[in-house]
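In what follows, chain A forms one complex with chain B and a second complex with chain C.
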Partner chain A sequence: MEAIKNVLGKYENEYIEDYKPTWVKAKFKNPKDLLNIVKDLKEVGVETCSTVSPTDFIDENKIEVNYFLEDLINKKNVWLKFDLPRELEECKIDSITPLMPSADWHELEAYSTYGVKFEGHPNLRYFLISADYFGKFPFRKDFDWKKHEESLIQNIDDITSEWLDEYEENKKTLPKDGSETVLHWGPTHPASGPIRLVVGVDGENIKWVDPDIGYVWRALEHLVERKDFVGAITSVERICFMDNPNPMICYSEAVEEIAGKEITRFAKLMRVLLGEIGRCASHLISMGGFFGNAGLHTFVMWTMDIREYFLDVLEDYSGARIATASVEPGGVRYPMPDNWLETLEKAIKKYEDTVPDMLDIFINNPLMKTRAINTAKISREDVITNYMAGPIARASGVKLDVRIDEPYAGYDEIEMDYVTCENGDVYDRLYIFFKELNQSMDIMKQAIAKIKEGIEKGEMNPKKDHLVRMPRRMPAGEAVTRVEWARGEMLMHLVTGEKATSPYRLKLKAPSVNHTMVLDSLLRGKTLSDIPLIYGSMHICQGDLDR
Partner chain B sequence: MLKVLDFFNYAKSKSPWIVHFCSGCCSLEMLAAMSPRYDWERYGYIMTPTPRQADIIFITGLISKKILPALIRTYAQMPEPSYVVAIGACAYDGGPYNDSVAVIKNVTEILPADVFVAGCPPRPEAILAGLEEVKEKIKKGEPSAASQGGLWKQMKF
Partner chain C sequence: MFDNIWFQILVFPGLVFLLAWTFFVFYFARKTLAYIHKRVGPHFNGPAGSLQTIYDIFKLLTKENITPKTADPYLFNIIPLVTPIVAALPVILIPWTPLMHNGVVLDTNYGVLGLVVLIGVEPFLLFLTGFGSNNKYSFLGGMRVLAQMLSMETPFFLAALSPAILFGTMNLHDIMYSNTWLTTLILLPGAIIFIIAMLGILEQPPFNIPEAEQEIVYGFYTEYSGTNYVLLKFAEFTEILVVSAAAVTLFFGGYRGLFFDSFFCLFLKIVLIAIVMVAIRASNPRLRLDQMLKFAWSWLVPLAVLNIVWIIFAKLYILGA
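Right, the complex of A and B next:
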């Protein structure tokens, strides 16, 4: 920590302060220092950029750019802040992508939505936003989207024209003879979901891959600004329905931090339970989806069947199967229903009964192993440069888990260890999910035991302790929270104004962005038939990719 | 002669094929409807990867601006009669994304749906019930709503 502070202290700053136990927060006066700061930080081990988050302070006529950098090995986080002028011509800063490749798409996103120009970015272009927003920077506070919406048909035509132009361009540039061509994998491919991989192929061999994203772009970060603090959970939870409770936990922790409220121990343990149920539901789809992509649909049916039992638990609790809105600032939304823990135990038992068959038939399937072992390896270095998060990082043997590194909710009470695999190939990226499911079952059992014990001793009241009162108006402040989401680390950066009733800015950072970013390097030199397998092994969810 | 054509419609209604097109969160509940607990294959529904053999297309929840041309293009490739089932609140008025800058709020004005299934997301049972209504339409030989009108014909896709 001291080494990082020494580095930061060399530059002209407004403040350098300790944030949470593993964080250093610093604000600098001169944006020109950025590259040197990052270079120096790299020397002390901070090698990864988690995300870049601009905030538009229209009243002060400035855009504040936040950089979240991480040292994945020693678990240290650095938060850098720079002020930029709002005017489009002046609003520019050096790109850190040449130094930290993990910042690549995050910078593109900041450029497309806020118009912060990153000078020296290898390929600065509009990204994520649809073609009708090119050059309009929709997340700026003065963007008039109601006016923009009036010409809907024209907007759609703009989007279509972009594709037709691309088509004409390809016609011109591709050689007339030979077997080189450009294929589009998605957005209507059964295995792809709403994402388009533009694949340059020569015969069957892949030359390059260019993922085109934004097909489920809902501008959630912009949407929450028009909701109140509790209403915002409906937007936040919709980041991805596969693992529904964890994003809400992340958001609620951020609001509680700003409000300065502590929630009850019962609510904390309930968050552990809900979070793990969400993780199980998501992992089961991911594992099934992997086999579905590879062409074996039986396993999807199996895992979907087990998942239903976990959804039953969520339904008993909140009344909804997947859109639960079950966690809100101040605790968890509902008191614990009677016999709820028994329903959960039933789901755990259902899973555990299936484990031997699952192992025999699918996880140890020799045919799948032949295809998957040693395919598309991700090394430890790749994990650090490109910031693979969660299971993908752990499959490569990197010990990375927010639940242990920076415990949130009730995870500090839970005994757990990093689950890792060694090789980081496609097979390990499947197997890690199976291992993690087993770990989740263990965590849930621990949490259940703790809740039962607490109720027996009279320390917890499951009907009353679930929620503490939150202030109606928040003080001005900002918070950064992280949770271990099913597919990796989720980071939220919440900014509030004085006496605010709704968030001023909420940056959602989700892991799939980085996982999609590396598809190009993973797929180069492979054949077309490898796309579903490798794509499936990255467990990408378009919902959190586009937000 | 009329009787024979009726029989064809009846036969068609027993096994509608649904094109694989997912654009939003509701596709998860569609997946659940396929799964063993709800198992829509017992009603004769089956997914097909290509629109050219499909009878039904789902608007699975939200349609963002960018995917709308792809949706219309997929729909236009389906042979007549091609029915549209809109599921989820988003397909009606944007639902929870009603304030969003990137989501189409009037999808069913653009591509009129034959059946709308409410919910956010609708339960698998509701999706099945919605599909059963489409079956009735097929049985009667009614033309699909999208072939009768809608803004999609004015758009480039």
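Right, the complex of A and C next:
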């Protein structure tokens, strides 16, 4: 920490302060210093960029750019802030992508939505947003959404013409004879989901891959600003349907931090339970989907069968199976129903009964091993440069888990250790999910025991302790919270104004962005058959990719 | 009745029988797979959903037949007509029931030869469907069919040869009646190679590489719809019937049963093979094209050659011919 502070102190700053146990927060006066700061930080071990988040302060006529940099090995994080003028011509800052490749798509996203120009970015282009938003920078506070939607026909024409242009360009650039062509893997492909991989192939061999994302871009970061603090959870939870409670936990922690409220121990443990249920539901789909991508649909049916039991638990709690809206600022939304813990124990038992069959038939399947072992390895260095998060990083042997590094909710009470695999190949990226499921079951058992004990001793009241009253109006402030989401680190940066009733700005950082970013380097030189397998092994969810 | 040529063409083992088989195996595969998947499968139409496949096929027949603008219209539409006929031709060589003369429609001394040649032509027609569609995915599927055909047919032919060598005849009826418990054991390695190669020829998992939907959409089927699609599917199921019946006839004594000889003994054996196929399909992911090639050429072909050596050895020293 001191080393980082020394480095940052060399540059002209407004303040350098500690923030939470693992963060250093610093605001600098001169944006020109950015590259030197990042260079110096790299020397003290901060090598990864988590995300870039601009905030538009229209009243002060400035855009504040936040950089969230992380040292994955020593668990030290840096939060840098720079002020830029709002005018499009002067809203420029140096790109850190050449120094930290993990910032690549995050910078593109900031450019497309806020118009912050990153000078020196290797390929600065509009990204994520559809063609009708090009050059309009929709997340700026002065963008008029209603007016934009009035010219509907023109917008559709813009999108279509972008497609046709691409088609024409392919016609020109591709050789007339020979076996080279461009294949589209998605967006309506049996295994892709709403993402389009533009694959340049020579016969069956892949020359290059260019992921085209944004098919489910719902502008969630903007939708949150239209809602009040509780209503915002409905936008936040729609990041991805597979792991539903964890994003809400992340958002609620940020709101509580700004409000300065502490929630009850019961609510914290309930958050652990709900978070782990979400993780199990998501991991089960991910594992099944991996085999589905390899052409075997039995496993996905089996895992769906187990998942139903976990969804039953969520339904008992909140009335909904997928979009539960079960966590809100101040605790968890509902009191605990009677016999709810027994339903959860039933689900855990169902999973544990199926484990031997799962291992024998699927996880140790020799044909799957032939395809997966030693395919598309991700080394520890790749994890750090490109910031592979969560299970993907742990499959490569990097000890990375927000639940342990920066405990939130009730995780500080839980005994757990990093689960890792060694090789970082496709097989490990499947096997890690199995290991993590077992770990989740263990965590849930611990939390259940703690809640039962608390109720017996009379320390907790499951009917009243679930929620503490939150202030109606928030003070001005900002917070950064992280949770270990099913697919990796989820980071939220929340900014509120004075006496606010709704968030001023919420940046959602989700891990799938980085996981999609590396597809090109993973797939180059492989064959067409490897696309579904490797793509499936990255466990990408388009919901959190596009937001 | 069974020796009447029109009865043979139209009813058994001709059109009606093949259609009935298509409906049956479609339903059977769906239901068995659903059971392994922990699903219900077809349920609402007919007893236990048995009419569902019939409805599905008639629904497809009423659908519009779309020929893509870029496709070769003649090739695209003619191949689906030729394929089921070629797929159904080997039916005349297989001994179906003792009610017919010698059990077969066409009693010939070159049965095994006719069978492997007619089965071997089929994948080439499927390649032509992909070629005629003039679509990138279809074409890749077609190329994969060709690669798979070349590598899988070698062990297939060699394995089919082993009973002919052992019994010294290519007449399928004779082969069937020469089979004893001892020769079945001798032929067992050949039978296993035959069934593995059969999965490759029929494009069944784990060798369903040409129609890998996660990779190349639906391979050579991609552009087909309506009646053409039904015809191609009909050809596929007919081929499954023919090849499994060939396996049973060559290695497991055809329609001979433990207590009586009947078509139903043959049918039961075919269903057993179908169950094995569905079980493999339900528990194994797809192989990669290059892994399939490597498996075929560095394991299956050498083993098939060794199997021939073993058959000759067994013929000389065990059966003492």
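By our rule, the second predicted complex is superposed on the first by the 547 of 547 C-alpha atoms of A that agree within 3 Å, B and C clash if a C-alpha of one lies under 4 Å from a C-alpha of the other, contacts with A are read in each partner's own complex, and residues count from 1 in each chain.
Assume contacts are C-beta pairs under 8 Å (C-beta built on N, C-alpha and C of every residue); 3 or more make two chains touch, one makes a residue touch a chain.
Because the structure is a prediction, the values reported are computed rather than measured.
**Student:** Touching A:Phe291 in the superposition: chain B (first), chain C (second), both, neither?
**Tutor:** Only chain C; A:Phe291 stays clear of chain B.
**Student:** Have a look at where A:Ile404 lands relative to chain B and chain C in the superposition and call it first, second, both or neither.
**Tutor:** Neither partner.
**Student:** According to the stated criteria, A:Leu367 is in contact with first (chain B), second (chain C), both, or neither; which is it?
**Tutor:** So A:Leu367 only meets chain C here.
**Student:** Is it chain B or chain C that touches the larger share of residues in chain A?
**Tutor:** On the superposition, B touches more of the residues of chain A.
**Student:** Given the touch rule stated above, what does A:Trp163 touch, chain B (first), chain C (second), both, or neither?
**Tutor:** First partner only.
**Student:** Using the superposition on chain A described above, determine whether A:Pro194 touches chain B (first), chain C (second), both, or neither.
**Tutor:** Only chain B is touched by A:Pro194; chain C is not.
**Student:** Once the structures are superposed on A, label A:Asp132 by its partner contacts, choosing first (chain B), second (chain C), both or neither.
**Tutor:** The answer is first: A:Asp132 touches chain B but not chain C.
**Student:** Determine, under the contact definition given at the top, whether A:Ser529 touches first (chain B), second (chain C), both, or neither.
**Tutor:** Touch status of A:Ser529: second partner only.
**Student:** Answer with first, second, both or neither: which of chain B and chain C does A:Arg321 touch in the superposed model?
**Tutor:** A:Arg321 contacts chain B only, not chain C.
**Student:** Of the two partner chains, chain B (first) and chain C (second), which one does A:Leu183 touch, if any: first, second, both, or neither?
**Tutor:** second
**Student:** Considering only the contact definition stated at the top, list the common interface residues of chain A for chain B and chain C.
**Tutor:** Overlap of chain B and chain C footprints on chain A: residues 189-190, 301, 305.
**Student:** Please name which positions on chain B make contact with chain A in the complex.
**Tutor:** Those in contact with chain A are residues 20-25, 27-29, 31-32, 34-37, 47, 49, 51, 62, 64-70, 74, 96-97, 99-104, 106, 120-121, 123, 151, 154-157.
**Student:** Spell out the part of chain A that touches chain C in their complex, as residue ranges.
**Tutor:** Going by the criterion above, the answer is residues 181, 183, 189-191, 203-204, 291-298, 301-302, 305, 361-362, 365, 367-368, 370-371, 527-532.
**Student:** Any idea which chain C residues touch chain A in the complex?
**Tutor:** The touching residues are 36-39, 136-137, 140, 143, 205-206, 208-209, 212-217, 282-291.
**Student:** Spell out the residues on chain A that touch chain B in their complex, using ranges where they run on.
**Tutor:** Touch list, chain A to chain B: 129-133, 138, 145, 148-149, 152-153, 155-157, 159-161, 163-164, 187-190, 193-194, 214-220, 222-223, 226-227, 234-235, 238, 240-242, 285, 300-301, 304-305, 307-308, 311, 321-323, 543, 546.
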